[in-house]
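Two complexes are shown next, each including subunit A; its partner changes from subunit B in the first to subunit C in the second.
Coming up: the complex of A and B.
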């Protein structure tokens, strides 16, 4: 087993990092390094946030999915009903479109997605960020595959307050929050593939 | 939950937070240990745990220290922390008679099944402020400690004192109580997941009152008991208990019920005289109150309001008032949000006044 239950203190530390990431979209927060050293950073948000009353899925990480369910007692569900979704690879357009978005009256039912973020290793595109909590001029470096995901994300968040919230988590525990309120503008920079 | 967020000059907010933290940590007095808060301010710890809906004495004492003794702020800290905790299991229903009683009084009957057990109480104590010097108090404490050690060797409470028979059982045998027990066993309403709104099941009302602000509940009780809302109750307390109650969960592997901890509770059964036209005047009814910790004031108010709400049956706003206005965090949160910037709101109000004035001037011209 690669995962272990979080103590309430560690759980709080993870929660604070995720909260910080959502409070300042685009700004990199750090998951607790001592936890990142022990287990996959991608799994930490689910270990901290899921419990017996929540549903989740991790379709491309079945082993971790089973471990998280055992540790947290959270229910494994299909992606449409999952409150939390963990994905190692960038998910397909159909997958994202099919996630629960909640409704105008129950926006809290929208899925929260934890997605692996490979920056800065293959991030060669810089996108601009806007919306509540975003410091003006903020940007985020992402890879080509994530750009496609961000476009689909914009589609599913087109009818606020329904939508999905995302955390991008790197292997070394860096986390960037992209709540549904954050708008993303594609912008060419010196680091983009087009310039290079 | 009420209003908590703030927006504004980030530097000013950080400076204010820093001032609070610095003044709290850097002072001339000795460091306030958690054990001292647990031991010397036990009733405050109990109250905070009860209103926070979280049984953890050590965390509650941390919250009290962080909030500098502000009980409502301590409740806020604990509720916020509690909301981040995962749920691993659901507790099993427990029989209140499984509790180990530390104090039990029955004001309604002198000779009751089991004994009156006063326990730790100032109910019969004249309220004189002790102005003894610290040295004298310490000396007295040493003597008491020595005497306590001697006495404790001989005390072995009898089983009927630990789990005394209830007065209600006696009244039932006398056929003096209406029987409101239900055939079905519905799942209790979870107020931590869904806000309770009237009409709500009794479990929602009891949960809300168990977590309510003590002062708010006593205020509601006093208003209800004195009669400005049209009621005048004949109230007698059947049981007032302070007890250790087991918390049981089902073991995830064996499926067996296991006791994982004990929580202290105050429990009250209030006997209500029925005199309504449509009520059974030959019998009594009973209200029930139970809350975390040693807080008899709250449990008594709760038990009386439970039966008052049942008898009210939606005729007045009592249920609405209990469900919607007694939560410490809701009421204090709404009140305190008034301190946050309202520049836009107030500017709008001024503009409306000016518009009204202009319209009046045009009309008078």
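Coming up: the complex of A and C.
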């Protein structure tokens, strides 16, 4: 088993990093390094937030999916019904379109997605950010693989307040939040821009 | 989770179990992702009565760990009975340090006030909310309230403000003035005074609102548009103390409160006032 239950404090530390990431979209927060050294950073949000009351899926990580379910007692479900979705590779358009978005009456039922982020190794496209939590002029660098995902994300978030929220998590525990209210503008410049 | 985990937790004096914390955290994250939307949560029994800060207390306990420094104020006062007791609960349950200085606090729990200064991007402000529903005065049916928020149908709120203005010459609502957050949801900023409303707009800190009795959590993220509801020709105004000065520090630029049956004014934020006098 690669994963282990989080202690109460470790859960709090992971939650605070995720909260920070949502409060300041596009800004890099750091998951606890001592946890990142022991287990895949991608799994930490689910270990900290899920329990028997929640559903989740990790379709391209079946081994981790089983371990998370064992440790947290969270239910494995199909992607449409999953409250949390973990994905190692950039998901297909059909997959993202099919995620639960909640409704205007219950927007909180929209899926929360944890997606692997290859920055800073493949971050050569700068995107502009806007919306709550974003200082005007802020930007984020992403790889080519995420550009299509960001376009689909805009599509599924086009009817607020329903939508999906995302965390991008790198292997070394950097996490960037993209809640549904964050607007992303593709910019013509690339390669040299720094992150927010 | 093992039995020994539960025993350890019980003996450590933590007020919230791990399941409660996770549920509150999920609701809090949803609230931050959807600014102004009231997220339902399973409000737990706390060692304080509902309506006495149980919602704020639950949020504070769910976000705080032993590396944090906590400030708790009630009516701007660090030394009020409610503030002292809540601070004691939080620090004994989480192991966090305590402070009276907002700039030293990573988590500030408050009823009635936003500290006059010291909150920045590293700060989390938790407000205790007695009545989270801003539309309660114009509609009592919960299903209709849900529809109004879902469709952003706030017309009756506007009518209510207009009628208030026509009857009284001014919009009389003082604390909890309704505001539009991120141009989408109307929220109750209860129970902070009008004085603090402009300080929510584009604020560098995260504000979390917890209503334990009505089981709702909502949030205003940093750098978010917060507009008090008012009319183009009726500008929003904050409280005016008519040139009064604090009788302790002599300052007039903070929110002042008058003593009952007296012309004496004091700073509402007692820590700010003490620092002006150099006594802290």
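In the analysis below, the second predicted complex is superposed on the first by the 190 of 196 C-alpha atoms of A that agree within 3 Å, B and C clash if a C-alpha of one lies under 4 Å from a C-alpha of the other, contacts with A are read in each partner's own complex, and residues count from 1 in each chain.
Just so it is clear, a contact is a pair of C-beta atoms (placed from the backbone, for glycine too) under 8 Å apart; a residue touches a chain by one contact, two chains touch by 3 or more.
Predicted model only: the values in this text are computed from it and were never measured.
Colleague: Answer with first, second, both or neither: which of subunit B and subunit C does A:51 touch in the superposed model?
Modeller: In the superposition, A:51 contacts both subunit B and subunit C.
Colleague: Is A:169 touching the first partner subunit B, the second partner subunit C, both, or neither of them?
Modeller: After superposition on chain A, A:169 lies in contact with neither partner.
Colleague: Quick one: is A:135 in contact with subunit B, with subunit C, with both, or with neither? Answer first, second, both or neither.
Modeller: second
Colleague: As a test of reading the superposition: which chain, subunit B or subunit C, is in touch with more residues of subunit A?
Modeller: Counting contacted residues of subunit A, the larger count belongs to C.
Colleague: Quick one: classify A:3 as touching subunit B (first), subunit C (second), both or neither.
Modeller: Once the two structures are laid over each other on A, A:3 reaches no partner at all.
Colleague: Is A:116 touching anything from subunit B or subunit C once the two structures are fitted on A? First, second, both or neither.
Modeller: Neither: A:116 stays clear of subunit B and subunit C.
Colleague: Quick check on my understanding: which residues of subunit A belong to both its subunit B contact set and its subunit C contact set?
Modeller: 8, 11-12, 15, 48-53
Colleague: Provide the residue numbers of subunit A that touch subunit B in the complex, in ascending order.
Modeller: Per the stated touch rule, the residues are 8, 11-12, 15, 48-53, 72-73.
Colleague: Which residues of subunit C touch subunit A once you look at their complex with the stated criterion?
Modeller: 1, 9, 14, 18-19, 21-23, 25-35, 37, 39-40, 62-66, 121, 146-147, 150-151, 182, 184-185, 206, 221-225
Colleague: Touching subunit A in the complex: which residues of subunit B?
Modeller: 81, 84-90, 193, 252
Colleague: Taking the touch rule as given, give the residues of subunit A at its contact with subunit C in the complex, in rising order.
Modeller: It comes out as residues 5, 8-9, 11-13, 15-16, 18-19, 22-24, 48-54, 83, 103-105, 107-108, 112, 131-135, 160-161, 165, 179-181.
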